[in-house]
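Heads up, the next two complexes both have chain A, just with different partners, chain B and then chain C.
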Partner chain A sequence: MNTSSRQPSTAFSAARIFELSLPQMLWSRRSILLALLVCGPMALATVPRGAWIIRPSQFTDATVGFDIYGLMIWLLYVRFIVPVLGVFYGTSMIADEVEDKTITYLFTRPIQRRAVILGKYAAYLVCTLLLVLPSAMIVFFLLVPVGGGTSIGVQFPVLIRDLGALAIGLAAYGAVFAYVGARVRRPLLAGLAFVFGWEPAMVVIPGYLKRLSVAYYLQALIPHARPPDDAGPPLIVVALRGLLEEPSALGAVVGLAVIIGLCLWAAGRAVEQREYVLEQ
Partner chain B sequence: MKTRYFVIASALVLVVGIGTGMVAYYVGVPQLGVGRTGPAELRYVPADAAVVAYADVHTLMGSEIRQRIRQAMPGQENGQREFKDQTGIDIEHDVDRVVACLEPTPGGAGEGRGLVLARGRFDTARLESLMRDHGATIDTYKGKQLIIEAPPVPAGRVNGGETFAVLFIEPGLAAVGSEALVRRAVDLQGGSGSITTNDELMNLLRGVDDGTRTMWAVGRFDALAQGHELPPQIASQLPAITWFSVSGRVDSAVSASIRADTRDDAAAKNLRDVVQGFIGLARLQASARPEFKAALDSVQLGGTGKTVTLSFTVPPSAFDLLPNQASQPRAH
Partner chain C sequence: MTVIAAEHLSKWYGQVIGINDVSVQVPAGVTGLLGPNGAGKSTFMKLVTGQLKPSQGTIRILGEPIWGNPALYFRIGFCPEQDAFYERMTGREWVRALVRLHGATESDAASLADRALEAVDLMPAGDKKIGAYSKGMRQRVKMAQAIAHDPELIILDEPLSGMDPILRRKSIRMIRDWARQGKSILVSSHVLHEIEAMTSNILLINQGRILAEGDVHHIRDLIDEHPHTVHIRADHTRELARELLAFDDVRSLRLEEEAVVVETTRPDAFYARLTELAASGSLGDITEVTSPDDNLQAVFQYLVKS
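And then the complex of A and B:
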């Protein structure tokens, strides 16, 4: 009997895994963290908006709302929310199945192992995109008109660019930590070390090492959000701005696409080759 | 099931938001500036400005009326070209809107000081270079470059008049006018004291600027007559108008509204009677010119108490009277 001919395609298998994983991911305990992360900026944005409605004469800078929006996108979303979501959800794709001892049931199905990681990755992507992107958009609508110097219509291209950057950032971090979760024994610790240790360290380490971080490419897609040169002491500005040099927008997109492709391929290989030992 | 509802709801929020943004970007829906009246540039106008005016230059330049006037009087373009050569600013393409104000000079002497805030796209380096070539000097005020051009000294006087200055308050916003007012505009950037705290004028403005007006002006009528040293016989004949407001919309036609607040009811009645008389005279004259009939039929005089209002619309057909100089044979 030729079982390989009866095995569904990778895409079909991944789709089934996606259908199974999306509700699990969305309604898990981890989602409370996700809800706090996406609702926090929206709650923060209501403060200047409310102040603008009550006492508009207080606002002397015409574009203060747009500036605050840019700062929130950069500091909250790009430097914190997106990487943290990538760590917590990406590393748990395989780790949760191992911890719950359900991975055996997945691997005994007549589907390719890499379809498991791909399906879960797709579920992660849908889950985070449908929460983070509306959150960023609502923040945009709340903040941009504050000050009266600019408008939603004028800055709409900026919103599209930011949403695109956040989407590709979520995809990149998810792919990286999907690989970390498939390969490393304690993926959460490794992921947190990468996000809060390795990437900020690239600020001070010159040379080519910075190209081994997602933030190096991601920040090139959001130039408007970086603090200006005269924002404060040089060291602080450098720390806030992130890396000192950055690729072009096209180079950044290509770089991130390569990271996503490589990491997903590597994660698929890791899942297929590794023996997952369940703790008794 | 709840997963499906969540996905649909979230996608809907995203689609509605992006759709709204696209409409605002392409169609130009006026922003929901809740709590804000008038253009944002008002924050740089001093609170004691007597007259404030606004013009949507972009809309005016692109209007059908303006194209007709341009065809009828192409000589205006020479002035525009000369202005561009001197400042590097192409009014037709570089300026989006302007806010202007007039402030009475301290003590009431002189014609008052003026300030124009122009929002658009400017080549600051070229402007600076051109003004330097005309003898301007560069100063720094609160971290911003102030280009000062002293006026020519009239014969028989030791000092010239008010100095003229240009400063870029923020990217895309130029302040042009009296040096003192330009400096005050920079001062207003850091605190309160702008015209938005002048409740009397802002109340007038709220009745005028509904976001659809191409231009408007509000202010104190006495400020317009100040400093002109009018003979007492003439000054006493000026209507007892305190506040005035004028607003207009320009597209294929020109529609305008004028409002005047007078000192008392009797003055308002007298003013209405005078205006009514002029309207009657105009109708007598227009009986021989039917092309003006539509415009005169649109004139509406009203107002109660101390207020006099006048509104009218000049239809596109009235502009057909403008001679088309392009089609007229040139004199040899």
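And then the complex of A and C:
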């Protein structure tokens, strides 16, 4: 290996970074804590399932299990778990390497710096999909039979569509927070402000600003789980109307694809241009 | 041949100046970058390795600008100062994974990593997790990743820090061997005698400026006028202290937790005898020898005043 060596392609370099990063990400303390978080919905789902097994007669609504499942996907997964995993893993892609001072080993190699963010993003996707999708599947299998009105076989396509939506959601939030992590000095704070401040506010405010949130597009992919818009106090109804202004499924997928593409491009650019000064 | 050429190079972090208007040409061979803590050594190393972008001026490595030029890293190997690793990986896995980033195939990376581990005498521990390595092993595995891809220019930031006397001697010999094989090496340290053991060509850096460059010997005598402190971590500190008190160049000695702190007026002679003592094994293991940078700070203050 010498001066005539050819610089590896971005895809090759990203694949090597992926191999290096995935085990670090999978076996981190962060993964253990977030695995506990995704266990929450599974634990909750055992309650109606247990009640159904013990006293099935108390369930008068035959589709109650499927309805609870839909609500959990919408409220717990799409609005909470997916963005939270996105923010904790996404903002740490570069920040962890800087904090651990291992970034030097990656940035003094003959690879484009953007390959580092792409490889880490791929590792993030695998890691979060491994955490979230099995949890959502277990919740589906626990809840759908409750009430006795729907069968797992009939609703299985819904599960597949929901898993697809969760995967796209993880991809979108991961890309947004990869950019935040590469660009901002305190990325976790900025990320949490985005998830718990910007997103909920934008989604309920009428107008075009909501198009600058991931949730706006993502909730369009989970329509079966929307809460009814004719119930609850007026403030909630207004909020729900805001929520219901949503794009078509195709429009949502295109919107999320644009967000992913733009954010990854911007993250790569930020990493290429930024100097990372390590604490001595 | 010039391997590193800086022209009016400056780097500042907000209001803080890291490097101030440095113009220097580093020739092929071994060059020592000597300066106390905070002198600008690390900033200079980071500019040389393209981790930082100059605020002003230019820096060219092997004739090319380094910032935003990743292809140049085929020709450069860098051993950073920080003790940072992917702790759960084994030494062999880690070096292999980093060589793979040079585009090497899996089998090439495996043989290059093994060759590098062999060169730093770490083959037997190659399959141990880095988290279980001693300080000396960690320093050596860092060196292994720096040389594994066979670079022309090797940049070593405080490579001997924390090594025991025997490893220190081995490492110095290794660095000299690399130079004999035609490699150019820039090595930083805050300990003059370490640099002196590797090369007579030094760059003296302090407060972000290069104070002097060239032969080490003209400042050599100054060192002897200032006591030199050595911190020795060992198994049997009391017995070691008793032994060291017999050395006529030991000016003072105190015991700390699992360590002996010695002040000597003749560091070269002291280190030579300490190495012999460690090699004999008569007093158990001497696990770590460090030298606080206030030794050099005193010399620099003297230099700046004069």
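Here is the rule we go by: the second predicted complex is superposed on the first by the 265 of 280 C-alpha atoms of A that agree within 3 Å, B and C clash if a C-alpha of one lies under 4 Å from a C-alpha of the other, contacts with A are read in each partner's own complex, and residues count from 1 in each chain.
Rule of thumb we're sticking to: a residue touches a chain if its C-beta (ideal position, glycine included) is under 8 Å from a C-beta of that chain, and two chains touch if they have at least 3 such contacts.
Predicted model, so just to flag it, every value in this text is computed and none were measured.
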Side-by-side fit of chain B and chain C on chain A, or clash: fit
Which of chain B and chain C A:S151 touches, first, second, both or neither: first
Which of chain B and chain C A:E272 touches, first, second, both or neither: second
Partner chain in contact with A:P134 - chain B first, chain C second, else both or neither: first
Chain B versus chain C as contact partner of A:W27, first or second or both or neither: both
Partner chain in contact with A:I53 - chain B first, chain C second, else both or neither: first
Touched partner set for A:V126, first chain B, second chain C, both or neither: first
Computed vertex angle (chain A) for partners chain B and chain C, CA, steps of 10°: 150
Which superposed partner A:G40 touches (first chain B, second chain C, both, neither): neither
Chain B versus chain C as contact partner of A:R16, first or second or both or neither: second
Chain B and chain C, minimum CA distance [Å, superposed model]: 11
On chain A, the residue positions that both chain B and chain C contact, one per complex: 23, 27
Residues of chain B defined as touching chain A within the complex: 2-3, 6-7, 10-11, 13-14, 17-18, 20-25, 27-29, 31-36, 39-41, 43, 170, 188-192, 194, 196-197
Residue ranges of chain A in contact with chain B within the complex: 22-23, 26-27, 52-63, 126, 130-131, 133-134, 137-138, 141, 145, 147-149, 151-154, 156-157, 159-160, 163
Chain C residues touching chain A - in the complex, by the definition given at the top: 13, 42, 49-53, 68, 70-76, 78, 80, 82, 84-86, 88-89, 97-98, 100-104, 108, 112, 145, 149-150, 152
Sites on chain A touched by chain C in the complex: 1-3, 5-8, 12-13, 16-17, 19-20, 23-24, 27, 100-102, 104-113, 272, 275-278, 280
